[in-house]
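Okay, handing you the structure first.
By written order: A, B and C. Residues from 1 in each chain.
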Amino acid sequence: MLSSAATSITVILIVFFLFIEGAGVFTKKPIDDGFLLAVSVDNQVKKIKPSEIKDIYDQKITNWKQLGGKDLPIVLFRAGDITDYYTEEELGKNFEFFPDKINELIAKTPGIIAFFSDKYKAKDFKGRELDIDKIKVSEFLSGEEWFPTAQPIAQMGVKPLIYGTLWVSLGAILLALPIGLAAAIYLSEIAKKRTRSLLKPLIELLAAIPSVVYGFFGLVIIVPLIQSTFDLPVGETGLAGSVVLAIMALPTIITISEDAMRNTPRAMKEASLALGASKWQTIYKIVIPYSASGITAGAILGIGRAIGETMAVLMVTGNAAVIPHTLLEPVRTIPATIAAELGEAPNGGLHYEALFALGCILFIITFGINMLVELVTNRNSHKKH
Amino acid sequence: MHKIESKNVNFNYGEFQALHDISMSMKENTVTALIGPSGCGKSTYLRLLNRMNDLIDNTHMTGSILIDGVDIYERQTNVDDLRKNVGMVFQKPNPFPKTIYENVAYGLRVNGITDKNEIEERVVTSIEQVALWDEVKDKLKKSAFELSGGQQQRLCIARALAIQPSVLLMDEPTSALDPISTAKVEELIYELKNKYTIVIVTHNMQQAGRVSDNTAFFYMGKLIEYDKTKTIFTKPTIKQTEDYITGRFG
Amino acid sequence: MSQQSSLAKKKRRNQNIAFGIFTFTSYAIVALLFVILAFIVIKGIGVISWEFITEMPKNGMTEGGIFPAIVGTLCLVLVSMVFAFPVGVLAAIYMNEYVKDGWIKKIIKQMTNNLAGVPSIVFGLFGMSLFVNKMGFGDSILAGGLTLGLLVLPIVIRTTEESLKAVDDTFRQASYGLGASKWETTSKIVFPIAFPNIITGLILSVGRVSGETAPILFTVAAYFLPKLPTSIFDQAMALPYHLYVISTSGTNIEASRAMAYGTALVLIIIVLISNLLANALRKYYGNKVKTN
């Protein structure tokens, strides 16, 4: 009784844990634990967005005026810059005067913005800690930069990852769909019974090969092939990911489309043939339209597999977190990001939580895809009655 | 010359021999009824006339079938051309999941007719031929599944007529219909006889008696008796035929 | 008639072209399978030896063997099956023999489908959050095995359900007819008949568990361990993770290529054997049940 609910409980637990951990990224100050950003007490800017901090340190914002403050040039300061202002003697042998000097510097420089560890925060701190806005869900989704370990502030924009995932998956399905359909047509309508019973298990065997083996195969065969064919600096590209994913998606597409085609009523096919239609005409005018929803379901499930696939993609796409313009550039997908970065992200930290938030996105996408497939196949079964 | 002529036809599904040495011929513009108990081979024989049995794996045929003097199992005979000339109506109405109009137009399109006016004209004529026009003229763009069973079957007949065959095969065309629809289809068969050579498989003795000129009685894969319908029903020469017709078995 | 024949010729030609493409494509896919398999077999067969199977990795994993990875994978298979097999089989029995068709069954079915569609990396995240952190198992065979167990649960449930459905209802009716209770019927009649088929589900799951990498990345897998695990609370190496490591981020990727081919071959062999075995069993018992 309880065990029959096991899968339901698991799904609920997955949702619970993923979302609890992932939500942290939106409820926490987006600055590394133990660090702070300080300004002069006179500074009128009270709150600041993570992206603005980055622009300041990239010197795209150079005046407090741009942030609604006084007309005052921004003076950048990181802990390491201290030697520009004070000599080593002034800081003391063991940097024991470090906190005082920072304190002094902040007090006398009205335009300063200082980033340093709070162990250097003096007891009689004369500056003001800058309040940093939490990351909004919309910023998380639309942010164009993914630098989760950047200093002074992490950039958590998942747009390049979402784009990377979609590009690679769409590329895969564009390759796999025509090939898979062709094979499904062959198996269901053309092949003799014996040929079919020989080929079908072989094609299904493609689904059994572990994804890490596909990744390895892609790495040593497909990546160099793409590099030399397109004369690229590196072969680890979105295209390599698409090719590998296409091979992996084939069994799904073929099995489901073939099932749908074989469900076409015999009476329908016979009626067409009896009117003098050729077998091929019957296939594309009767069988394919009749099984359209099954074929769609196969394609959607194929995309779902591709979106969630981790290891093979991680090994062949080059993993550059930039918005791709062509499939011949390195890209990074959501699953690959999680796999590559979670090992380095400290437990419970902002980066860790951001990766769980990525997991949530992935879960929502695949859950949606499952629902969509359910919808498409249900509509089909209604049609048949 | 006979329209359809079969000589010494044997047919096997794998090991099972479904037809034994069938020789029979049919004249142009006649209705021939094939009767006999289930599994007697009458449907198998019918499906040989437009090579529908080609679709089944592991079958084997010997002997010859000639239509208009041409052996339809010869290598150079194109099976698509053959089926265009030999239309078929099935046991259950089997319209395509398309509109009423497209159902009838389908056969024209797959046979290379692209002229819109010609297609429309032939669709309308065919639907009129089966006396369905008044019932469907306002809903040609609706799905064929919205029609009643009897209407669907007449639509399927119209679909077969649209490509202007000279032979029409009917495999128990009224077995899934109510009595009123059955009467309409029978009436239709009677009218179509003037233009087509019709072969009809039926379970229904009265139907065979009403619509056919000649009747063939099949039993266990053999052609037992073949004669004018009147003769078969009033004074059959073979005992098995008489037993079947009088309902003593079958 | 002559005009018709030219149409027929055109139709035949189009059909031949289309069917030619379809036939070629299908065989090309099968050829691709053989290329992948042959490539790994040819490159890997020379690497595999008794030492490769039974020794520790040496010299920055460029030499020696993969013994600890094999042991680790075996442990993971064992733990995941000990968890998933009884749970999955009981779930399927309950669903198939006890629950009446209705919305509850529908929801459970839908949830099982959804679980099957969850990407393996999400299982990895979940396993890390629940088993490693919340339950405090740490990176361990237990945490990894349970994560993998959840991953294959839908497979076990589905194959078991199919096997139970394949049992002819007359067996059940005969048993009831003799006055047996539902549980007696299920445990003494239905389950034994379905058992060989249920085993095929188990075998397929073993193949799947052996090859999965993403779920074990953060729940158990170790980059390199000089000794074998001694309890289920130890970290372990595993074959798929080992292949990933030595082909992408080893100390010397080029030098460890041979090891990578060998590892890939061992993985492929495990997966192929489990699939062929499952197929053979299914065929053998499928025929047997029918002739009964």
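Basically, contacts are C-beta pairs under 8 Å (C-beta built on N, C-alpha and C of every residue); 3 or more make two chains touch, one makes a residue touch a chain.
Remember, it's a predicted structure, so these values are computed and weren't measured experimentally.
**Q** Would you mind checking which chain's C-alpha centre is most distant from the centre of chain C?
**A** B
**Q** Can you figure out the chain closest to the middle, judged by Cα centres?
**A** Chain nearest the centroid of all protein C-alpha atoms: C.
**Q** Could you find the two chains linked by the most C-beta contact pairs?
**A** Summing C-beta contacts for every pairing gives the maximum at A-C.
**Q** Can you give the whole-Å distance between the Cα centres of chain A and chain B?
**A** 61
**Q** In angstrom, rounded to a whole number, how far apart do the mean CA points of chain A and chain C lie?
**A** Distance between chain centres, rounded to whole Å: 26 Å.
**Q** Where the CA atoms of chain B average out and where those of chain C average out, how many Å apart are those spots?
**A** 52
**Q** Would you give the residues of chain A that are in contact with at least 2 other chains, written as numbers and ranges?
**A** As it turns out, chain A has residues touching two or more other chains at 278, 281.
**Q** In chain C, what residues contact two or more other chains?
**A** Correct list: 11-12.
**Q** Among the residues of chain B, which ones contact at least 2 other chains?
**A** Touching at least two other chains: 80-81, 84, 111.
**Q** Okay, in this complex, where on chain C does chain B touch?
**A** Residues in contact with chain B: 4-5, 7-12.
**Q** Can you name the residues of chain B that touch chain A in the complex?
**A** The touching residues are 50, 52, 55, 57, 80-81, 83-84, 87-88, 90, 92, 94-97, 106-107, 109-111, 156, 159-160, 163.
**Q** Where on chain B does chain C make contact in their complex?
**A** Interface residues on chain B, with respect to chain C: 78, 80-81, 84, 111-112.
**Q** Chain C touches which residues of chain A in the complex?
**A** For this pair, the touching residues of chain A are 1, 3-8, 10-11, 13-14, 17-18, 20-21, 179, 182-183, 185-187, 190-191, 199, 201-203, 205-206, 208-217, 219-221, 247, 250, 254, 278-281, 283, 301, 304, 307-311, 314-315, 335, 338-339, 342-343, 347, 355-356, 359, 362-363, 366-367, 369-370, 374.
**Q** Please output the residues of chain A touching chain B within their complex, sorted ascending.
**A** 192-193, 265, 267-278, 281, 285-286, 289-290, 383
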